[in-house]
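Next, two complexes with chain A in common: one pairs it with chain B, the other with chain C.
Right, the complex of A and B next:
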């Protein structure tokens, strides 16, 4: 299964029998057309609003494919999602845990512990062994309120990103995480990776039947998809951060692949393609699941965690965020 | 008709696995796999409602049936009428064997027809497409009793918390809801915790 990315604003996606047709405008004004068998596509990601015909759009939904919209900067805008779960009781269970301080705190601790654990492993594998993240992880256990857990999370995040300058190398400048807008190339790449991840988690949350806007670690405000952000935490380091580090360390993306407009950085068209391919490859990477011991792609893992969270909320099955060694 | 009438197809699911029944009927989950798609494809030929005459036999296709006493309702693939005798008929994609879930579904349809028509129905038939055999299912007092009991249990279960996964690897492997129900994963996580 693969993801169909359209990144050119003047591209047209249409349906041709049981295939998608992508028409790309060439420099001489002619159109280059390519066909992709629809059954081999798992989702469609549109960047910079290319055109999609009604036929193609409906066909995607009929085949159970989400269609995600990203701005040309890579900001996540929203998705058209196929109808899936109609599980109203799961939402009720989700709201109940929101109102239950004990169960909620327990879940928040599990999420933040896993997040710090996965961050620690990124550092460890890049030879950044001298860091306090292990202590932060055990500090989470003793916290009494969600705000206190958030405090530890923030502390760990600062300490984690403080190691990044050494990991990305002298070619790049990284003075901590910033966004809206990202003021250096590394942050811009990281924001892009998180936006792509958010699309994946949003789709998983949706098909599971969870309410995307009610979360536990993230507050319900500003219309943020709190449940999506909660579930993203365990995957940020595993998927997005590792991917950013690997494209930088392998020089797949170079400093000249970015344009700077008044201090805000964005990826050039060709580099965007390279990064999207790398992200898709990462999503299809297999690992041995630490709990269930079967082979599993990151793509499946995201859906699995959303469903397991559902089982936790509805049946009290213990929730274990994904942590990899 | 009110919507707390149990659909006959879910009675089939109930006998297959109570958790599957709960996920489908109570929680509204669904998911296709090859078995479901094959079954749907098979029904393409017979999903036109209407009545046709074949020799002495009158065939009512895609017949709505319901029973107020047992609170079940559904659509039966066909009801054949010959010499004043009604014979409910179901099409299944699999092979002929003693599939109790199919028998329950068929028997429940017969109970519906009996309530509506006041006639007694002695047997029904299931056409198994995989080996193209018709199986005659006698509506014995025992089968009737088991069917009614299954209906009562299914109604009861729908008002209660979700049943735990069953211990039946084969059933789980061919179940389309496996990726939602997560029988293996749920058991593993619960074991680890205890």
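Right, the complex of A and C next:
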């Protein structure tokens, strides 16, 4: 099963019997057409709004493929999702936990603990063993309110990103995490990776039947998919941060791969493809799942975690966020 | 979901009705895999996908005139595949256009 990325704004995705057809406009004005085996595609990710015909769009949904929209900068815009699961019971359970301060705090603590643990592991593997994240992790346990847990999370995040300048090397500058817009290449790469991850988690949340807008760690704001952001926390370091560090350390992406427009950095076309390829490879990496004890990919793990959270909300099975070694 | 490698080879007679079936068959197979040579498709499919395709093919063809052969190969056979003048079959994880 594969992922179809369309990154060219002047591409047209259409349906041709059982297959997709992608037409690319050439410099001489002609169209280069190529076929994609639609039946074996698992999801479609569109960047920089290419054209999709109604036929192709509906066919994607019929085949059970989510279609995700990203801006040409890589910001997550939204998705069209096949109508897999609309689980009313699960949503009621989700709202109940939202109203239940004890269960909610417990979940928030589990999420933040896992996040800090995974951040610590990133630092540890990059020889940044001298950091206070372990203490922050145990500090989470003793907090009494969600706001206090958030405080510890913020503290840990600052300390975590403080180590990044040494890990990315002298070629790059990184003075802490910033966004909207990211003001340096490393931050922009990170935002891109988080946006890609958000698309994956959003799809998993929908497949499970959870309500994406009611979360526990993240406040319920208009237009903020709080549940998606909650579930993302355990994967940020595991998938996105590790990916960014590896493409930088392996010099797959170089400083000259970015263009600067009014203080916002964006990836050049070719580097974007390299990064997408690396992201997808990462999503297909296999590891042994600590709870289920069988080998699975990160892509599958995201869905498993969403389902596990669903089980926790409905049946009280303890929720264990994904923690690797 | 595990996939197997399926090799589709077809031969349809040269008359108007069969030409139509051949074109339809070709378009159908394009949705499932890669067209590598005239009348040859290579597909990596799950059991479900293969069954769906099988049903569609059985509806389309006339067994007393047409001939379609499907070879099912496991990972080991795919690995040992030899090609001259073209790429060895491989399952695409990402399609970036």
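We take it that the second predicted complex is superposed on the first by the 324 of 325 C-alpha atoms of A that agree within 3 Å, B and C clash if a C-alpha of one lies under 4 Å from a C-alpha of the other, contacts with A are read in each partner's own complex, and residues count from 1 in each chain.
Please note the rule applied: a residue touches a chain if its C-beta (ideal position, glycine included) is under 8 Å from a C-beta of that chain, and two chains touch if they have at least 3 such contacts.
In this text the structure is predicted, and so the values were computed from the model without any measurement.
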| item | value |
| --- | --- |
| Chain A residues touched by each partner, larger count belonging to chain B or chain C | C |
| Which superposed partner A:284 touches (first chain B, second chain C, both, neither) | second |
| Partner chain(s) touched by A:6 [first = chain B, second = chain C, both, neither] | second |
| Partner chain in contact with A:177 - chain B first, chain C second, else both or neither | neither |
| Touching partner for A:103 - first (chain B), second (chain C), both, neither | neither |
| Touching partner for A:90 - first (chain B), second (chain C), both, neither | first |
| First, second, both or neither for A:18, with chain B first and chain C second | second |
| Residues on chain C engaged by chain A in the complex (per definition of touch) | 1, 3, 24, 27-35, 43-46, 49, 52-53, 56, 91-97 |
| Residue numbers on chain A that touch chain B, as the complex places them | 85-90, 209, 291-292, 303-304, 307-308, 311, 314-315, 317-318, 320 |
| Residue ranges of chain B touching chain A (in the complex, touch as defined) | 26-29, 161-162, 179-180, 182, 184-186, 188-190, 192-193 |
| Contacting residues of chain A [partner chain C, same complex] | 1-8, 11, 16-20, 22, 24, 34-41, 273, 276-277, 280-281, 284 |
